[in-house]
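Have a look at this one.
Order of writing sets the labels: A, B, C, D, E and F. Residues in every chain begin at 1.
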């Protein structure tokens, strides 16, 4: 991990050339080896950066420009193919250092399991942490066919670490019966199907608290995000997701870290999903940090 | 490792291995030879089965699991390529036998003309039958360029058989002027553009009646179902279609058969439409039978 | 320019064979050389015509058929590749002649810059002209990296010609801060994000005035129009755009010309965007002329 | 059938506007309803015409230009969807008239069954006819699952009509054992796998005879023609097919008709196959007529 | 219509329903988690089976039909996502049992690493084993960025197990300098770029020996196999690969097992690669067992 | 133009971080605005760099590694969209400076017109320059529909500048009759259809001379390079092109500059063409400089 040198690949538009002078750090976590269905999200961060060149630097939603904040795109974290355990360890250490340096982490996946070591690291600094989770899936399994390190388990791990009452899921439309039951029995909040309206109810309850926000791009309907591993109909529109990001911006929570995961370019035939992800990253940057 | 049993191959997820013990039978009708525009729906049933492996067996919409009902996936009905007349005859006899065996039919198309022999067969058992039809198109032509066996004619045939007052179309946004006029003059119900709200009005009127539901996937907007023969904008979302299926589940009609037609994989670049169809089939299974 | 002979290529469905007897003229402007991102809209008009064959000639929205009006498809205007200045001059002269012959122009792009010479020509005939502009982008730049003839500038040129107070933009969700400021300071109307509701407010104010309507297909969300140069999430649905076209039909403005631009077939994997454009052209024809 | 008026759609590049003054007539046969695998060739002729606009009018192979011959593109023959029998009858009558008018027929498919009525018609005029057949498949079945009108049967029908000893197949790499046996036992020539070398041997034997040439685009390897119904590896290159066409040009046979079939645009992702077909049609036009 | 038997679903065409009575067993190894570039080959076996339905059962290359041999398609081996070590162990035990039952193994990948446990198992039975390896890549690394279980290492492991002098690689066109050097220094045979001619030289030297043949589909040029993880130009044609399979059939080696790996459907836009793989499997079945 | 700072985007694999210490400079020329058919090559250089990450750094063709030479990837030259004249001027000045700094230029297109200013600049330094041109097209027009700055004219301009007897074209299979005639009458060498064999004849004649090599990727058959603007069948294989590059390496000409143009990612569905281009760039780097 060397943040003192320029990343040799593509960078997100408007990225500052200097790590030290930046307050937010963007990084990719190109891992997709535990997914049970369609792999490919390892190439998500690179494509999001590539298409960011077509993005306006001004947000008419927030009336703010990218030049108003300083962020550094540190590139993709090098991860060992096919070795989930080592990959997660590397990510955790990476975030530990970012936080030690006083940076806010903004990650791009990769599969959803990458959020687990990030939140673990963030929780060490913020014991009062709450997690806002937008997703089509509960991700509350203890294991997937015997394997505890699986893309289907990160939110369960998080809930067990920080307490289920501190995890708030939105837009959920798929999962096993047992997952929904576990959430209910353990006081974890799940808003089925919808994001914006339930978020408006929950945000005031989190006032003043440090919050980590993890967004699985498949919270969007496949019409709005075909380029992802699991295309599950009945999701929300990109307009609703933009409004939800804005809602968080306007709230009184303190976002201390965030990620956007599961963009898989190979299924994204007109680059619609990558472009959407790149706009969402802009809004997250401008609204939350 | 058990080599002593047949490979379970390509069947809809959760399908029961035994026909006799099942109450619902799923079957494919791989016919697309009378379509006037883009063919390809013959491969719809196979692809819907293939992607069903990615489906959760639990529905958070209905709070019900696939294991709670017994259904048998009988595979595709073998149909003679390019011979519409013989194909329809084969389908009708197939359904006759299903019904004689006390099974509920749940079909996958194929082009919409396949619904015609199914409904004919169902009507023989249920003379009080009503038909709920969700589609972008009226399908009320008497013929298509002189040909009475066409994908543009099935609802007309149905209406003439069971009486236009027993046919209820929803979501219609395309058709000839004469088709809309014929419906109006003959007392057939057509809800233009919308499905959910008009359905809520109609369902109470059908209370207690046997109902056959036929869904053309193109009732969805192309954003939600690009993988179909005719992509006609201005349709409903998958969220609205899921809600409509749920509405029927909650109503007091008796669903005695159903189908989902016109999924054409070759235009379905991220397999979004096949995945949507597979989830719709799950909801139909869980909610209606 | 010879309107006295039949166009040898594809024509829009239902096109009248004779120029003289037609009141509306459809034409393509196959130019895409000033775009800064993804080119390809030069093939838009040809593909829209090609798929129009799958279109019903009757509109259930307007209860009107194509045979009720006379329009002539004049084919694509031949434009010199890579020479923006000459191309715009050719388009302006073309429209001058159309108007001199008493025809209403209905153009298909091509990049958005093609609207500029058309509106210039129309303004010569209608000094009281107002312009309704539906788009994801402001298009209000004075230049693009030093180049005043750019796809990012047409609305600015129009506003400076006919007065910013006569330009009404709808659905805008991207632009530079300076563009929004210029509009505000100069009294130009911009409805951010939405089209239908603000349109309902504005139309009564334009009562009786001659109006030119220019629609960039990217006013639609990428879910509804992936086949365009810039895919920018957060847009409206095709249902909303159809309703907006209908709203103009019902209003008391006098549409004296219109265009639909930026359809780029190469990114349009299931031909969804071309089919949508072809239906929109039908509604514009039936509702506005 | 009206040859006295201009075709309103796309035409093949360089097509003469007048039927009477032309010696060759190009026409499409948009039928694909008897195929057993992937349909879609109904759109082949339209796409071949569309991309022909990118074609040079000069052939460096033959040192000849399109303007040196007169051909008329009559458009697609209107055929009834899903009705094979009527379609074949319409095609036969169409060719009867072409020949009666002294025109040389050059057809574009569509599935291979369309060649059958064409050759039947040509044979009535040329009882000494020989047929050169380039294909991946024998097409020698008597029926396909009981159906005698199938894409798998045309060469068998031809062989039974004009005598198996007058049919010469090249490039064959797939078929049933019985088909190869029937050919062998009945004196029909089959060159397995290769085209050019065996053609060089056969052509001198056909010296002076009237010959009909039917080319299934799948004689090419899928690398060279992915856009077809059946992709069967082990085929020849486009270079070899061009050389084979040239070889016939240089021979002393008299080509009295020809076709190119089975181009299916929906599987042709970079339009490679359509472009290849369009160049092949140019070479056939320039070299054979 | 027989509802009393299981639906035959997705098995390789012509597969025997009974394991005990079969001499060859086909199985899939759906693993792709150690690949360093494009994942997706986990879906290869399923797609190869699906398209095999379009295959003729007769080979004109070998003049033999599938019904002449008995093979059982055992489906895909269930493997734990993302856990390479356990996956390889499961595969090895699977093959151990197959061999104990006297069956010949014919595997479909999945990534190339799956060949390693298979060959390990086969070697236990045949200590005199030679391996024929056709591939674009050497696959001779000791590890990939520190990971010894990688898609880049299987042939190295094999060579170290059975002796480098017993491994014969063909068609190699990519690798590290060190890999080529290791082969050279250790007496392992590598034919660069070509397959057929060097194979003709080597086969007589292997006369009478038990041979395992492993084919990475990327030995084909990307023109012939775009649907694979690594597209590396300069490869052989499918015609040459078919001829090479035939050459082995005609030789006096005893094929005791074989596999075909690295077919990745998501990059295979016209299903060309899957169809090719399915034909290759047919030829391997008919020619080698 | 600032070569003294690191390029902020993707770089070609193995690129040296320092301009001063490098002897070869790689640069992109992202221009496609004068093409008459399919645009998109502006994105070629970026995609070639992106996929170069999958490339081995060792060439088994040349037995040489990338680390043996020093090259600097300077990124894409910023060019004004739609302004051909200014773009060409910028490119020429850029190359002037490269040459003044003693660097060898290795360019990536973009459309073929970009080669014109490069060769103009190189010719100023090497008055004895010969040009080797591999292409499907003659590119010898004086203008394209009146426009002298067109993708169809660069070789004509070059031939007029350096003398037609110093230009050697290979693989040509398309062009106007007049272009071939002009070449013949003016002593310019054209090898029709083939590259390798004629190259072997010509290279000895160029012994000791400075040579610029320009390769249009469409000299490859579309089977080998679908991702380009014009797909023209009958081309050479990638194996032949690799052998041709090697032939030049082994010859006694002095390569003083080179380019590879016309890679258009949007038509390159499995990234086959970009991967091929990236391997060709490696071979050019290793073999020529």
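Rule of thumb we're sticking to: contacts are C-beta pairs under 8 Å (C-beta built on N, C-alpha and C of every residue); 3 or more make two chains touch, one makes a residue touch a chain.
Just so we're clear, the structure is a prediction, and the values are computed from it rather than from any experiment.
Asker: Write down the chain pair with more C-beta contact pairs when C-D is set against A-C.
Answerer: By the number of C-beta pairs in contact, the winner is A-C.
Asker: For subunit B and subunit E, let me know how many angstrom lie between their CA-based centres, rounded off.
Answerer: Chain centres of subunit B and subunit E, defined by C-alpha means, are spaced 41 Å apart.
Asker: For subunit A and subunit B, let me know how many angstrom lie between their CA-based centres, rounded off.
Answerer: About 38 Å, centre to centre.
Asker: Measure off the straight-line distance from the CA centroid of subunit C to the CA centroid of subunit E, and report it in whole Å.
Answerer: 55
Asker: Of all the residues in subunit A, which ones touch at least 2 other chains?
Answerer: 221, 223, 267, 269 - these are the residues of subunit A that touch more than one other chain.
Asker: Pairs of chains that touch, anyone?
Answerer: A-B, A-C, A-E, A-F, B-C, B-D, B-E, C-D, C-F, D-E, D-F, E-F
Asker: Applying the document's contact rule, which stretches of subunit A touch subunit E when the two form their complex?
Answerer: 32-36, 38-40, 42, 80-84, 144-147, 149-150, 266-267
Asker: In the complex, go through subunit A and note every residue touching subunit F.
Answerer: For this pair, the touching residues of subunit A are 6, 8-11, 17, 46, 50.
Asker: Spell out the residues on subunit D that touch subunit F in their complex, using ranges where they run on.
Answerer: Residues in contact with subunit F: 54, 56-58, 60-61, 63, 65, 221, 223-224, 237-239, 242, 269-272, 275-276, 279-280.
Asker: For subunit F, which residues count as touching subunit D in their complex?
Answerer: Within the complex, subunit F touches subunit D at residues 37, 172-177, 180, 192-193, 221-224, 226-227, 230-235, 267-269.
Asker: Which residues, counting only subunit E, touch subunit B once they are in their complex?
Answerer: So the residues of subunit E in touch with subunit B come to 1, 3-4, 6-11, 17, 19-20, 25, 46, 49-50, 72-75, 77, 93-94, 97, 101.
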